[in-house]
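Next up is a structure, given as structure tokens.
Chain nomenclature is as follows: A, B, C, D, E and F, assigned in order of appearance, with residue numbering initiated at 1 for each chain independently.
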Amino acid sequence: MAILSMSKTLFKSLVHGPYTVLYPVKKKETYERTRGRVEINISQCIYCGLCQRRCPTGAIQVNRGNTTWSIDRLKCIQCNYCNEVCPKKCLRMNNEYTSPSFGSVRDDYTNARVSGDKENN
Amino acid sequence: MFTFILRIIGIIILAPLAGGMLTGMDRVITARMQGRQGPPVLQPFYDVLKLLQKEPIEVNLMHRFYVYIALIFVIFTTVIMLTGGDILLAIFALTLGSIFFVLGGYASNSPYSLVGSERELLQMMAYEPMVLLTGIGLYYADNSFFIKDIVSAQAPAILSLPGIFLGLLFILTFKLRKSPFDLSMCHHGHQEIVQGITTEYSGRDLAVIEITHWYETVIALTLVFVFFATKAPVSYVFAVLACLLAYFLEIVIDNGFARVKWQLALDSSWIITGVLGTVNLIILSFFR
Amino acid sequence: MNIIYALILFPLAAAIVIFFVRNDSIRNAVVKVSAFVVAVLTLCVFAWYFQNGISFTPANGEIIDIVIMVIEVLVAAYLIIAGLKNKKYIVSVFSVIQTTLILWFELTGKQGIEVENSIIFDKLTAIMVLIAGVIGSLICLYAVGYMKWYHKQHKNYKERKYFFLAVLFLFLSAMFGLVLSNDLTWLYFCWEITTLCSYLLIGYTKTEEAKNNSFLALAINLGGGIAFAAAIVFIGINFKTLELSDLIAMKRSATVLIPVFLLSVAALTKSAQFPFSSWLLGAMVAPTPSSALLHSATMVKAGVYLIIRLAPLLGLSTVGIIVTTIGCITFLICSLIAISQTDAKKILAYSTLANLGLIVICASVGTQESIWAAILLVIFHAVSKSLLFLSVGSIEHQIGSRSVEDMDILLHVSRRLSLYMIIGMAGMFLAPFGMLISKWVAMKAFIDSNHILAVIVIAYGSAATLFYWTKWMGKLVSNANVKKQRKHTFFAEEEIPIFIHTVLVVLSCFGFPLISKYALVPFLTDLYGADAIIPIGTSDVKIMIVMLGMLLIIPIGFIPIYKQDKRRIVPIYMAGENTGDNETFYGGNGEKRKVELRNWYLESYFGTKRFSFWCNVISICVLCVGVIVLIGGFAK
Amino acid sequence: MIIGTCFFVSLISYRKKVVYYIMEQQIKMILPNELLTETLRLKNEGYRLVAITCTNKNGLELSYSFDKEYNFLNLRFVTDTKTEIDSISNIYSYAFLYENEIKELFGVHIVNIVIDFNNNLYKIPVKTPFNMKKEEE
Amino acid sequence: MGNRTVIPFGPQHPVLPEPIHLDLMLEDERVVEAIPRIGYIHRGLEKLVEKKDFQQYTYVAERICGICSFMHGMGYCMTIESIMDIKIPERAEFLRTIWAELSRMHSHLLWLGLSADAFGFESLHMHTWRLREQVLDIFEETTGGRVIFSVCEIGGVRKDISPETLDKIDRILTDMEKELKEITHVFLSDSSVKYRTKGIGVLSKQAAFDLGAVGPMAKASGIKRDLRTQGYAAYGKLKFEPIIETDGDSYARTSVRIKEVFQAVDLIKQAIAIIPEGGINVKVTGNPNGEYFTRVEQPRGSAMYYVKASGSKFLDRFRVRTPTFANVPALLETLKGCSLADVPILILTIDPCISCTER
Amino acid sequence: MNFIKKSPWILHYDGSSCNGCDIEVLASLTPLYDVERFGIINTGNPKHADILLITGSVNEQNIPVVKQLYEQMAEPKAVVAVGICATSGGIFAECYNVVGGVDKVLSVDVYVPGCAARPEAVIDGVVKALGILEQKQKRMRKRKYR
């Protein structure tokens, strides 16, 4: 009969205090490899469209004519495949994840200028 | 007469506040034991106030009636107990309230509510003998069923009723709906019968159930209280401390056990009642 | 002419008339009128003699004695032949034994014993007469409505309504005689007549099961009759008296306790306590009015009535302890077994057994408080239980089933009926209704008289009681969806008695302080010579009246709230697989599947099999111990 | 269509040149009507069913995979949607899930399944999704 | 059967993390019959091979299930590698092994937590999941994702773990082992937990064999079968014994999983000790042509992958037989005659991964 | 005062996700993230819930379930789609049995991206939904008093 065998852990936790990361106030540190969000250094992009073709979900749209590179944040699965295939290595996986939104988020990058919904960045 | 009415109003208002605060503390301590930060202490009040603001929905017309009437009878019990009334009568009134609550579960005619009701009834069957024996034990000890007489006795009742007190502590786990005996409904809904009787209640009705539970907490702790209180006012301090300690013990038990099945719930409580309660009573009856 | 004669003889006459009227509508009219007259007579007798009571011997006692003897012999002959014909020899044997015994005594020993008061009407008798008269007449009225459809639903039984109704009235007559007699031989005669009525009614349907059960009932009750007869002989020979009141007035001694024990055994058989309980369960095959009248409200009360009468001699005496123990076993075990039953009448039967057990405990404890509780229990139980039986009878009529599980649609079939039913059940186990008040006082009485076993038994037994009543109640309030309304007829003859019963249940709760003050306290004071006090404090009574008031007022108070607060109705939670009608969900193969909800019966825990045998063994052992102790003369 | 029902019963075993982990790929071609006898034989030898796989390329190619300890073996035959294939759920009770699935997704006509969901295992908008091309052609 | 309660259990139910439906037929609380219904998560991802090329499909394979994500990715890659005759670098094999065993730890801890929740032991659930977070931290540090790693690729792995990080992992695991012992002690010895698991859902060795049970379900019934012993990835170079129990009840299954957690710790430590230097991937050219069956041991049991390719970028057929699929018949067997209160535990006891099952 | 901001109760339903988001939703209840700090309870019962948290895309079979659950919730209520599958169908969008994101069936209030969505993102999403709940509550009250 082992009853209350949990009590040691319980009291230890009571004394130790919460293990909780008080998230909105304090953030848990991210790691270098943490996959958050794809970003592009648009000035280096050559609009080859390789990322668009390789993207498993079709989140990336590249338009060579308008020199725009855009990504649908609600489609991106952060697989990092685009980054790997990019011949110019101008794509980068950010540590910050895309924050939740009220509607679809499409980040458009035209040459050297970032446009789009600031709130959702 | 006027002061008496004032007192009753005071009880009706203050008892749920105390119960709510206790529940809030319970949630914080539980969270800390689980290594979590936990909600604010006032969280139970937020919950209830939110529920009161929600859109009222129901599954059929008769459904809500039972929880309101249960609340009324639980308040009635609280008033009887805290004004020093007859402890057996209080127990009966409480039972009446609980039965209405159970009927509420049946009235929804929903599968999970029904199973919850059955389990709740089974639990009532499991703990009711001990509650009755507690009243009887107190009568043996102090020759009165009236709480006002019991709390002004020469010696605390615990001295002659240690067995009964332990038995009561055991069934408090049922009363406060704590693990391992939270078969019929528990505060965290991860259970095979969803939320048991409360599954079909929402909004205001759920708030009423929550408030009922606060009153019940006060009632349960009053039962602990009377075991320690004597004529001397200083004993009241000890009695309150004993209540808090008992409540803390329940929290520890809540966090230290897996939920049992009905067989063990019934067996264990009847055996505990049978051993602790009746042996204590038999010994007492010898010395009468 | 004394009105008491009228009380006894009128039902007898009615029985004979009803037996010979073969036209349905005329007979129904006769029954209705007779029932009404019986009720009026009862009330008259009650009003006349309640205050002062009366005790007397009829002028022509000897003729009555002879008539009784002749009828006894005829009945015995009938029973012996019936026993032989159906190969139930034990019945014949029992019948022969007791008739010979009593005949021998009547012809030899009885000579020279003067009976001063053959008939005594005191407060207890008044209450019993009131119960038998009022409830009896209501049930007779109900039987008219009940029998109207009974044979339509059960086509395979032979229609013998005239017989059924006649026996009911015959029984009423016997029951009045039973509670009024002080002369033990008369009491015994009435006792035997009730046994006969019970036998006839149980066997009414003439099915194999009914036949077997009726003979079982007969055998056990005749067994009790033997004990009764032996007690009479013993008393007559040893104490040269045949008056119950004289016996009670005697001092406890080993010799006095022997007839007391025998009478108690007789009472236990009549009240169907363990180990004699099986007959009452079998009796449930009879049509419901007879179950209500004989097997719960009145006849079985005759047993406990006798024990209440004997109470001053029981107490903490050997016999008292034995009877208490048997009562304890019956109360606890039957409460537990009732949990495992689905048949409504079976539940009621077990509940009856349990409550009779409780009354037996109260009576045999024999203090003023406990007898106070016992008598109140008799009253409340009679009213509530007969209400429940009648309601179940009507429910069977409405929904065609006696199973508790089928009653979830009752709310849609007949709202009124379920309300009556709920009030009846509340009367059985809820505060502030009668049964609970009496239970409470009983508990207090047991504590005060240090019957610790009884206290514990009552604590556990009540918990079990709570379980089976509440789950039944739950079925009644559950709002099962029924797509189409069933057509039903609820005869006025059925509803009026049920309604009056319901009113009585509620009124008796309001009125119990009055009963206590005007009937019980004087009776108990007389019986014990010491001032009896009401065991419940006035403050508690007030609170209870408040509670009762709340129960009546709150539901009405809710009506305006409901009118004002209309809500959106959503389907019940079915884990997201609702089909939309609260009755079905999309099941395993994607097709609609009906939700079925069933109560718990915990067969493995509380099943009959688990308990019955051992409890019978234990209670037989207890009785044997009693016999040994008494024969050895150790009793005190 | 019937090309797949190759009329030879042969044991083909590949050996891969992978150094670290080699898994025996035994595929035994059988005829549809030999399925039950072959399965029964394997069952008696102590084999357990691992999976039933259907491939929709040049006819419906059914592979029944079995294992005994770590030994891995496949039975294979080719069929079409019309041929009745006997269920092996009488031999391996737990085959019913695989068979129902294949029946529903590929339209293989498997009969006598112990627990037959009648194409209700999954609720899908298209009928036999893995066999759509055929129907379009 | 008028005497039975028939209730729907799931798809949405608080004890079910994933939707599965059961029609439960109860007598009192005893389950007389349980009829399952699946298909709530059926996506039809096997068909997706026709739309995603075999490289992209790695990401789909990983998302067959979020708990055993790595194993699915690895199984898929191994199959393609076998078809294409690719020998991946040894270091990659070791890295795969380390991640696979970490996944096993994560999966078993997750399961332990859920089962604690199923029998109403909330604090145990919380503490188990608290420990699990440390494993997730290792994942995040080494792969960049907490549950979906995207680290396996055809021809090796995408990311290397630096020696410092390997040391750190070793340290973390050493610390964790102590805490794990404290928590698992409760699972194995607390009487209230034992009351809920001992003798519940007993599956005899014969029944487990006949019903095709795999993984801990089979191991707990005494069937000694662990595909890791066949030495895929780097398992051939590590020392371990498959864990078995013989009771076949829920307790035995808990015990098997707990032992496997410690075994996983041990295996990771072994792997870290002998991991060779070198590259982590080889370049893949061309398209696969041929077919192959691969079997790997997942936390839940053995999984089978089958790929048929005919030289194009798109595969002809991808098929996965997941362990839960094989365990469903055993689950239905154990459900018969259990109590309603045991249903959650019994469902969890096979460690159901419905999303794997239905694909 | 709107107390709904202080105690949002969630109902989690797994549409047809890969489990990744589900376990992250569960993880956000556990010590490290502990959403009970905000009064959030995972009720598992639509009747009690304020926020419907859906992970995974919807398919033929679970569309009625999702609708049913939403209908059984009391106003004010919000829908939060967690994970890429729930927002757009994700990598499975082209599967024959995937209808698409949750917004194909219900009006989604907050989209939480991520594959799998991190617990922090789940918390952010729920907190964002609180604002919507508050507005809905205000609207509801206005309707009531009009």
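Just so it is clear, a contact is a pair of C-beta atoms (placed from the backbone, for glycine too) under 8 Å apart; a residue touches a chain by one contact, two chains touch by 3 or more.
Since the model is a prediction, treat every value here as computed from it, not as a measurement.
Each step here moves to a touching chain, and the least such steps from subunit C to subunit F number 1. Chain centres here are means of the Cα atoms, and by that rule the chain farthest away from subunit C is A. Chain pair with the larger contact count among C-E and E-F is E-F, by C-beta pairs in contact.
Centroids of subunit B and subunit F (each the mean of its C-alpha atoms) stand 34 Å apart.
Distance between chain centres (mean CA atoms), subunit B to subunit D: 61 Å. Taking each chain's centre as the average of its CA atoms, subunit B and subunit E sit 43 Å apart.
Annotation: 27 Å between the Cα-based centres of subunit A and subunit E. Within subunit F, residues 13, 30-32, 34, 37, 42-47, 59, 61, 65, 69, 72, 90-91, 96-97, 115, 118 each touch two or more of the remaining chains.
Under the contact definition stated at the top, the residues of subunit B that touch 2 or more other chains are 31, 33-38, 55-57, 111-112, 114, 188-190, 194, 199-200, 255-257. Across the assembly, subunit A contributes 3-6, 10, 13, 18-20, 22, 56, 77-79 as residues in contact with two or more other chains.
Pairwise chain contacts in this structure: A-B, A-E, A-F, B-C, B-E, B-F, C-D, C-E, C-F, D-E, D-F, E-F.
Per the touch definition, subunit A reaches subunit B in the complex via residues 3-7, 10-11, 13-14, 16-20, 22. The part of subunit B that touches subunit F in the complex is made up of residues 27, 31, 34-40, 43, 46-47, 49-50, 53-57, 188-190, 194-195, 198-203, 206. Within the complex formed with subunit A, the subunit E residues making contact are 52, 55-56, 59-60, 63, 121, 123-124, 127, 130, 140-145, 148, 150, 158-159, 182-183, 185-186, 189-192.
Of all the residues in subunit D, the ones that touch subunit C in their complex are 117-118, 120, 123.
For subunit E in complex with subunit C, the touching residues are 1-13, 21-23, 26-29, 35-37.
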